[in-house]
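To start, the structure under review is shown below, and the notes come after it.
When the chains are written out, they are named A, B, C, D and E in that same order, and each has its own residue count from 1.
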Amino acid sequence: MEIHQVKQRLIMTSRLDGLGHLPIKVLQSVSGSTLVALDPIGVKNGDWVFTIANSAARTAAGDDEILTDLTVAGIIDNWPTQTE
Amino acid sequence: MEIHQVKQRLIMTSRLDGLGHLPIKVLQSVSGSTLVALDPIGVKNGDWVFTIANSAARTAAGDDEILTDLTVAGIIDNWPTQTE
Amino acid sequence: MEIHQVKQRLIMTSRLDGLGHLPIKVLQSVSGSTLVALDPIGVKNGDWVFTIANSAARTAAGDDEILTDLTVAGIIDNWPTQTE
Amino acid sequence: MEIHQVKQRLIMTSRLDGLGHLPIKVLQSVSGSTLVALDPIGVKNGDWVFTIANSAARTAAGDDEILTDLTVAGIIDNWPTQTE
Amino acid sequence: MEIHQVKQRLIMTSRLDGLGHLPIKVLQSVSGSTLVALDPIGVKNGDWVFTIANSAARTAAGDDEILTDLTVAGIIDNWPTQTE
């Protein structure tokens, strides 16, 4: 899994039905790259989250038929200054 | 999922039957890398789209037997200047 | 599989049920990138481990329904100064 | 999918039976990295091709049991100077 | 598939049972990155090999239940100075 910060909700003019009804969020990695994930948790902009990729992303979205390769799986406490 | 801009339709002299009949598009990432995706939506050159990879890409193409590892899943509004 | 060093346990305010009850660890690669993995072995901070990705990561977590794309699969002896 | 140029046929002293009998080709990406793919089409050195990865690569090789994670899926016209 | 050179056998203090009994080898890519793969062939240190990733890696290890995302699939002749 990887750690990303939530930037915004993605607004689309057209999308495939198989994406279901979950919000789609734009995420940014620490290295600055941009990714897009389904959000079954309801995260807010600025939250640090961790994401699951590939086949587990579909299960994480609540249904193995959902079209996704990346899904938000949890919100992280006190990141990036977290200490154990 | 990732965000790409559509550059052109890919013209081939030979292709496997299992690719089906969807158009095949050349996409470019923000970092400049080039990828190829099936297009079940009918996107235009210059559109900003988001793409789904791996097993979900096959479902997104309309049939789990379609040969693809990347499929266009939606057109994005007002990208890259979009604000929420 | 890849080789990573264990940095800390990940503390979350919210997580999907499907992640199960295994600890979730933050790992760092030799090149400095940060990843997150399920830990069925009980590794300690500072341990060098190797990780399994994608569908095998789910099996490695003990149940193919577990939500993970990366699972710790073993602790390495004498890394990185190991010689055969 | 990605775009690569065919460099040569790969010569091996030992290979797993599950690879089947298709030729194995060394490909080079535009950025210079080297990959290896099964070739069910019969491409020539110097051809520009596009390749399919992961589970669809196995179907593309003609049998879901074939051992491959990358298969040549088509020959591209007039690349890289192609214009639509 | 990718091309790697075998560096050494990996020595572990703890490993999951599902990895089976094949040797585990440390590989190095041409670009210098380090990976770990199961070895069903019996390759020697210094050999140039090609590897299969993801679901096909499990089949290549001899059993779809084996825990691996990378398996050695063949030994290459005369690499990297090979000419066709």
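Please note the rule applied: a contact is a pair of C-beta atoms (placed from the backbone, for glycine too) under 8 Å apart; a residue touches a chain by one contact, two chains touch by 3 or more.
Worth saying up front: this structure is predicted, and the values here are computed from it rather than measured.
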Intersection of contact partners for subunit C and subunit E: none
Superposition rotation for subunit A onto subunit E, Cα-based, multiple of 5°: 145
CA centroid of subunit A to CA centroid of subunit B, Å: 20
Centre-of-Cα separation between subunit E and subunit B, whole angstrom: 32
For subunit E, residues contacting two or more additional chains: 54-55, 57
Arrangement of touching chains [line / ring / star / complete / other]: ring
Complete ring sequence of chains beginning with subunit C, oriented so that subunit E follows: C, E, D, B, A
Parts of subunit C lying in touch with subunit E, wherever the complex brings them together: 1-3, 30-31, 40-41, 50, 52-57, 59-60, 73-78, 82-84
Contact set on subunit A toward subunit B in their complex: 8-16, 18-19, 24, 26, 33-37, 45, 54-55, 57-58, 65-70
